[in-house]
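Shared between the two complexes below is chain A, which has chain B as its partner in the first and chain C in the second.
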Partner chain A sequence: MRYALTLYRWELEKLTAQWRVRAVFGVAVLAPWLFVAALRLQDAVPADTLFGRWVHLTGFATPLVVLVFTTQYALPLLISLVAGDIFAAEDRYGTWKTLLTRSAGRGAVFAGKALAAGTYTVVFVGLLACSSLAAGVVVLGHQPLVGLSGTLIGGGAATGLVLAAWASVLPAALGFAALAMLCSIATRNGPAGIIIPTMVGLLMQLASFVNGVDPLRHLLLTANFEAWHGFFTADRYYQPLVTSAVLSAMYLMSCLGIGYLLLHRRDFTEG
Partner chain B sequence: MRRTLVLLLGLVSLAAGCGGPGITGATLAGSLGPTFRNMYRLQQRLLGDTDQSTADNAWARCFRGGAVKPGVTAVPGSTHNSGSGAGPGWTCLVHWPAPDGHTQTLGYEVSVQPDGCYTAQGPSGYVGQQNIRTPDGTTVPNPLYEFDGCFTT
Partner chain C sequence: MVKRFGAVRALDTVELRVTPGTVHGLLGPNGAGKTTLLRMLLGLVRPDSGTVRVLGERVVPHRAPTGVAGFVESPRFYPYLSAQANLDLLAGLDGRHASVDTVDELLARVGLAGRGADQVSGFSFGMRQRLGLAAALLREPRLLILDEPANGLDPAGMRDMRALVRELAEDGRTVLLSSHLMAEVEQVCQDVTILSAGSVAYHGTLDALRDRAPAPAHHLRTSDDAAAGAAARGRVGIEVEPHRHGGLAVRAETADLDDYLLALAGAGVTVRALAQTSTSLEQLFLAATGEDG
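Right after this comes the complex of A and B.
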């Protein structure tokens, strides 16, 4: 346990030193401001996105539009950029032996890396959430938000709901991080660890738009990305959030379990 | 381990599949009716009208298929809610209080997503264009031209 924490701190230090991580965090902080600046410069609205119609009326629509965009296209990629490389990087630099000849065991190494990837995921989602909420409210104002039943949601309640909506996608985000780590361990290849989860995310997103696969749709990790819609109706409903969070936890545990077994059984003596 | 996983997956799909009433004409109408009423009130508020009592008896009837001309109520299948499933091609009839005082029946074209969120588009000849001008001169989206809603499935 003590080793795992030491390794976790060490992994965090390695992550924050990477230009890739700094770039992603920079994008998370700056992109929402560029988005609202672009909105201010023209009249068009992203009307085919939920809440996209109201972007000029209230700043609370901004973080929700950013949430829809991010979860539909970018989130699995941005998570895998780090989580999909965190194990494979040791293969690339040939540092597994150096790492494992220390007194820390494989379990501690695995726990340290998994915790670091999870921390990265939560920090990234949190940064994007706070930055897009701040950008919307500061630039476009804090007028009441038009909810999904046509009722007006006041500033305080809207702030809470927006943050809750962002928090509600964390189970699937962590699920994708676990999937990326599994790919990273299984393929021992950084690019593969990044591309495979990204493709899986896009395919799941495509499948969720298709009709007629309804029972299957609930088994997709991406179902969790839509669960927050129920927060913004007059009669709030949470059932999609509960089922998708349980499902995400199952994805997370299976990927971590298989990943740990693969790492545990790997023979490092050859190279 | 594997057996437990299969069992858990089965439980989740059961809970997800049998949890709600699904997407039907009745569930869609139950959400779209009140949402339309709220959107009407919002439109009146944006236009500076303080009398918001007129849309209180708004209702909706939803069915699948059949393009509806505004003002036509005698459409086959339109007397009750019918149809089911996600996708485009839904029609919902709503009561709309026309400015001259009488109540008009309008047809909204509705597209429903598998998760129970939908987009409804109204006849612009009656409810107004995509953008409306408020009394203080700003241009805002017309809530009745097109609106989104969600209901539990």
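Right after this comes the complex of A and C.
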């Protein structure tokens, strides 16, 4: 465990030293403000998006619109930028042999890297959530939010529900991170580790729009990005959240399990 | 231990005995299994069958053995981190803390004094070799495994590296040094193992190897090869035969060769070129590995 924590600390140092990670965090902080500024400059609203019609009326709609948009199109890519490369980078630099000829075993190396990728995912989602909430409330105000049942949700409750909604996508986001790590280990190629999970995310999104595959739809990781809808109804329901957590945990454990086995069994004959 | 890659048997029942406190040379042509053996000793490659024992302990497959450090092929580091940061990370993975003083001392020992704060991306190949040695020494190993450590170094750097390797052995460390340079092995090693096609072709002291070695080979060009060949007939200590690239292939020790050349002059045969093509040990190495043509 000591070695895993040492490696975890170093992985975080390595990540923060990379311009790509800094750029993604910069986007997470700045993009919601730019989005709100763009909304202020036009009368039209993204009415097709959940809570989109309320974006001019309350700042609490902003983080929810950003949440819908991000989970539909961008989250798998933004997560995979780090998680999909964190193992393959060692192949690119030829540093596996440098790491694995020390006392820390492969399990510790795997755990340190997986923890670092998970931390990046949580921090990224947290930054985007806080920034979009702050941008909405500061620029558009903290008027009550109209819930999905038409009831008004006051400012304090809305803040809590918005943050809870963002927190609810974390299990699925971590599931995608695990999938990206598996691709990174299996392909030993950074671009493949980024592109494959992104394409899988888009395909899952497309599949969820197809009628007739409803039982299958619930098994898709992207379906879990909608588990928070129950927070904004008059009679709140949490079953999708529980299902999402269980399914995401299954994705997480199976991807990490297979990834660990691949790394554990690998002969390092090159580099 | 046995290791196969597909149909290729990379290693086949290899046993190495390395005397503590000595530098042991590991030689072999490309594909002989040297790198696979070193990777196995460092825990990077798992044997298909058999067990690896180092320093009296069984090496757990895919786990770096205790007391062993080194590098195989060229050492690699994170280019965007400084030399100090790279060594800090590696020390942490050994459960140690590398103080600035310790790192400075190590870097000075390998010829990188004052470069600790520099990013590795700016290091030359030779500097990375030196940093690789520093990283290995940071682990305070009893057995140091070095794969072509003088690669990429200038002549002065090669000399310093060889001196350092000898010094490490004098300090009590055991060094297993893989090289394709016979001259390097002759200068640094006491014992040697020659691998060929995954098996041990020779294992013993360098002195014993020298005793078995044939005379050095030379390529001789003369004004009259037929007469030169005839002059060699009946002479003791000299073997002459047609060279595949023209001229004559001559095997002889220095004294016998001198006598032979004087005899050629006496017979009116002009020597137009004489070049040593291999040393005694190289001759034996080529014979042992079946590469002497």
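The rule we apply is simple: the second predicted complex is superposed on the first by the 268 of 271 C-alpha atoms of A that agree within 3 Å, B and C clash if a C-alpha of one lies under 4 Å from a C-alpha of the other, contacts with A are read in each partner's own complex, and residues count from 1 in each chain.
We adopt the following convention: a residue touches a chain if its C-beta (ideal position, glycine included) is under 8 Å from a C-beta of that chain, and two chains touch if they have at least 3 such contacts.
Because the structure is a prediction, the values reported are computed rather than measured.
Undergrad: Between chain B and chain C, positioned on chain A by superposition, is the outcome a clash or a fit?
TA: fit
Undergrad: Which partner chains sit in contact with A:Ala38 here, chain B, chain C, both or neither? Use first/second/both/neither.
TA: After superposition on chain A, A:Ala38 lies in contact with neither partner.
Undergrad: What is the contact status of A:Asp267 with respect to chain B (first) and chain C (second): first, second, both, or neither?
TA: Second partner only, chain C.
Undergrad: So, does A:Thr233 touch the first partner chain B, the second partner chain C, both, or neither?
TA: Only chain B is touched by A:Thr233; chain C is not.
Undergrad: Which partner reaches more residues of chain A, chain B or chain C?
TA: Touching more residues of chain A than the other partner does is B.
Undergrad: Looking at the overlay, does A:Met199 come into contact with chain B only (first), chain C only (second), both, or neither?
TA: After superposition on chain A, A:Met199 lies in contact with neither partner.
Undergrad: Looking at the overlay, what does A:Ser103 touch: chain B (first), chain C (second), both, or neither?
TA: Second partner only, chain C.
Undergrad: Which partner does A:Thr151 contact after superposing on A: first (chain B), second (chain C), both, neither?
TA: A:Thr151 contacts chain B only, not chain C.
Undergrad: Looking at the overlay, does A:Val246 come into contact with chain B only (first), chain C only (second), both, or neither?
TA: Only chain B is touched by A:Val246; chain C is not.
Undergrad: Between chain B and chain C, what opening angle does the Cα centre of chain A see in the overlaid model, nearest 10 degrees?
TA: Computed from the C-alpha centres, it is 160 degrees.
Undergrad: Check the superposed model and tell me the shortest C-alpha distance between chain B and chain C, rounded to whole Å.
TA: Scanning every C-alpha pair, the shortest chain B to chain C distance is 24 Å.
Undergrad: Do chain B and chain C touch any of the same residues on chain A, and if so, which?
TA: none
Undergrad: Using the touch rule from the top, collect the residues of chain A that touch chain C in their complex.
TA: Touching chain C from chain A are residues 2-3, 6-7, 9-10, 13-14, 17-18, 93-106, 264-269, 271.
Undergrad: Write out the stretch or stretches of chain B touching chain A in their complex.
TA: 5, 8-9, 12-13, 15-17, 19-20, 31, 34-39, 41-42, 85-87, 113-117, 119, 139-141, 143, 146-152
Undergrad: For chain A, which residues count as touching chain B in their complex?
TA: Residues 43, 45, 47-48, 50-51, 53-54, 56-57, 146, 148-152, 208-209, 211, 214-215, 217-219, 223, 226, 229-230, 232-234, 237, 239-240, 243, 246-247, 250, 254.
Undergrad: Which residues, counting only chain C, touch chain A once they are in their complex?
TA: Result: residues 5, 36, 39, 42-46, 62-64, 66, 69-81, 85, 89-90, 92-95, 135, 139 of chain C touch chain A.
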